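Per-chain residue numbering starts at 1, and chain names A, B, C and D are given in the order in which the chains are listed.
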Amino acid sequence: MTRTRLEAFSDGVIAILITIMVLELKVPHGADWQALRPLIPVFLAYVLSFIFLGIYWNNHHHMLHATERINGAILWANLHLLFWLSLVPFGTGWIGENHVAPLPTALYGVVLLMAAIAYTILQTTIVAHQGPNSKLREAVGGDLKGKISIVLYVAAIPLAYVKPWIAIGLYVFVALLWLVPDRRIESRIDR
Amino acid sequence: MTRTRLEAFSDGVIAILITIMVLELKVPHGADWQALRPLIPVFLAYVLSFIFLGIYWNNHHHMLHATERINGAILWANLHLLFWLSLVPFGTGWIGENHVAPLPTALYGVVLLMAAIAYTILQTTIVAHQGPNSKLREAVGGDLKGKISIVLYVAAIPLAYVKPWIAIGLYVFVALLWLVPDRRIESRIDR
Amino acid sequence: MTRTRLEAFSDGVIAILITIMVLELKVPHGADWQALRPLIPVFLAYVLSFIFLGIYWNNHHHMLHATERINGAILWANLHLLFWLSLVPFGTGWIGENHVAPLPTALYGVVLLMAAIAYTILQTTIVAHQGPNSKLREAVGGDLKGKISIVLYVAAIPLAYVKPWIAIGLYVFVALLWLVPDRRIESRIDR
Amino acid sequence: MTRTRLEAFSDGVIAILITIMVLELKVPHGADWQALRPLIPVFLAYVLSFIFLGIYWNNHHHMLHATERINGAILWANLHLLFWLSLVPFGTGWIGENHVAPLPTALYGVVLLMAAIAYTILQTTIVAHQGPNSKLREAVGGDLKGKISIVLYVAAIPLAYVKPWIAIGLYVFVALLWLVPDRRIESRIDR
């Protein structure tokens, strides 16, 4: 079984998620700056979520590139990842709607955390399927970035109740961590 | 004629359906747990429907993998299946909106039943097109799971009027039945 | 230049159109038959439009199958077709919302007419690009079905003001005319 | 790494953007011309944005056709372009909602300007990756059209405050400039 259709389906879902988020930017009735102001937090939340979905698409792209064969477990681990990603637009909309209140900010972190765990499960499933000489395992190594991200999300969720902006700061930091494309996999494959 | 474009189109439709369902999770105006509570049934209905659409995508993937040539009848049998699947988001939203009332729960069963019948029709159409030595027919065998699902949906629809949760229990049972990927087809093809 | 990306983009747009129409089926607040009744015309309009978009996708599939090379004119003729198809959900929603009133019924006919004309333009552009030995021209022949459809749409638009159901009857008739897949092209290509 | 998945993802996003814009054409409650009239500016804004997204898809198609290898920088430059394109539906809806008021018209120009800049960045990134004998650089040449477009957008934004229709006129002019497909690239590649 090839990986092509899995990629196409995942691309479709991520492409739709990244674009339906923009529907949360409701067209205001007024035509002045006053009408635009309440949209600013929604817009910033949109930018952050766009970057997160972009990172997932990018890394997903690299991970599947190191994957030749797909089985049922990989298909479902992938759907599980897409499920959590599908909640990103909801989390984004709720943060934006409430100008970064504690609960929405924490819930956004829960969605990001679950997506990160789902990504790790998918990676582990592929490595297990590839066996001892897994090209992906070699490329991923200790997966330090993945582990740091999960730790930071776990820290951010309670911190959202102390001060939401600390949590947001941690989310932005994780995004910056990943914005550098995963050269580990890239370099191994290009070799 | 190849099956590639049929797969791509079906993937597109299923990817869109699985993601527009999340639009039913309307962003609440409040920022506390109270605001989130009415969304719980909508969320659970979303999880169930996500799994059902995932199962259909997964099985559709396997079925078409055992299909080389496409004709007009297969194209329309496939569109017929996509039509019933396209009503899943509506059924999901109506169950969630009314906290599992009898009629929405029964209607959700009708949509699942029609989709199951449409899937069987598509399978039969492909087998008929492949002729006596059909690789798919051999793989599907007596299609016991498909028949059990249809019987359970038919039972669930009136039972939704007795107690909606019995019907929901049956839908969850059918989902679990299918969550195990269809190893019959998988094993025949990999051989 | 290959036709693959043109097909993929058209598939994407048609898949999205066919599924966002279902968003017009707004989830009702009540949970009884009374709540469902106003949705019946919207549902029937959805069924008709689903079939029309299915026909376009199907024929588009056949037409591009007989097309090897794409140029700028074909790209824009294709986008022109997609533009008119993109108005089908609006037309569908307006008919459903107003229980088959004259103006919405006539406007729906205008959208179908413009899409039919756009399809003919796309066909002509491809034939012109293929030159005198066009495989598509040979397959399409006199394009009788296309011409009949355009005549029936032109007749249906004013008839919607006499009695909307006459126009609807004509739209259904055109759909039935096309539901038979275009064996002319299919047979020529399979040969 | 191949360009196929980048194309597929971009096609998906642009296909979704071009179709969700039509959701701004809200189905009116009345069934007469009066009900349709407020939709006319929304419709015209839709037509203009459809053409702009069509142009971007078309040129993106040509540009990637002259690109064999993709790296991380190209992936992100492409996502950056998609980000600005994703704001086109919002800009379109806001112009339509307010019948071409100054601020929405200027903001629409800002979105177009940022998309044009993002397109130039993507082009430059690809050319840099291809090295001194870049096929794309040779094809693009001085990129006169791209430079004129950016100048006209920069002029249109303040002019929207003088008279919105002047800005709209400039946007239409830029669209016409690009509607002629980019024969420079096309001819070089076909050679």
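Here is the rule we use: contacts are C-beta pairs under 8 Å (C-beta built on N, C-alpha and C of every residue); 3 or more make two chains touch, one makes a residue touch a chain.
Because the structure is a prediction, the values reported are computed rather than measured.
The minimal number of chain-to-chain contact steps leading from chain A to chain C is 2.
For the pair chain B and chain C, there is no chain touching both partners. Chain D is reached from chain C by a rotation of 90°, derived from superposing Cα atoms (nearest 5). Comparing the residue numbers each copy contributes, chain A and chain B share less than half of them at their mutual interface. Compared with chain C, the chain whose C-alpha mean position is the greatest distance off is A.
Measuring from the averaged C-alpha position of chain A to that of chain D gives a distance of 26 Å.
Computed centre separation for the pair chain B/chain D is 37 angstrom, with centres defined by C-alpha atoms. Contacts with at least two other chains are made by residues 8, 12, 16, 20, 23 of chain D. Interface residues of chain C, counted against chain B in their complex, comprise 7-8, 11-12, 14-16, 18-20, 22-23, 25, 27-33, 36, 47, 50, 54, 57-58, 61, 65, 179-181, 183, 186, 189-190. The residues of chain A lying in touch with chain B in their complex are 1, 5, 8-9, 12-13, 16-17, 20, 23-24, 71-72, 75-76, 79, 82-83, 86-87, 89-90, 93-94, 97-98, 101-104, 107.
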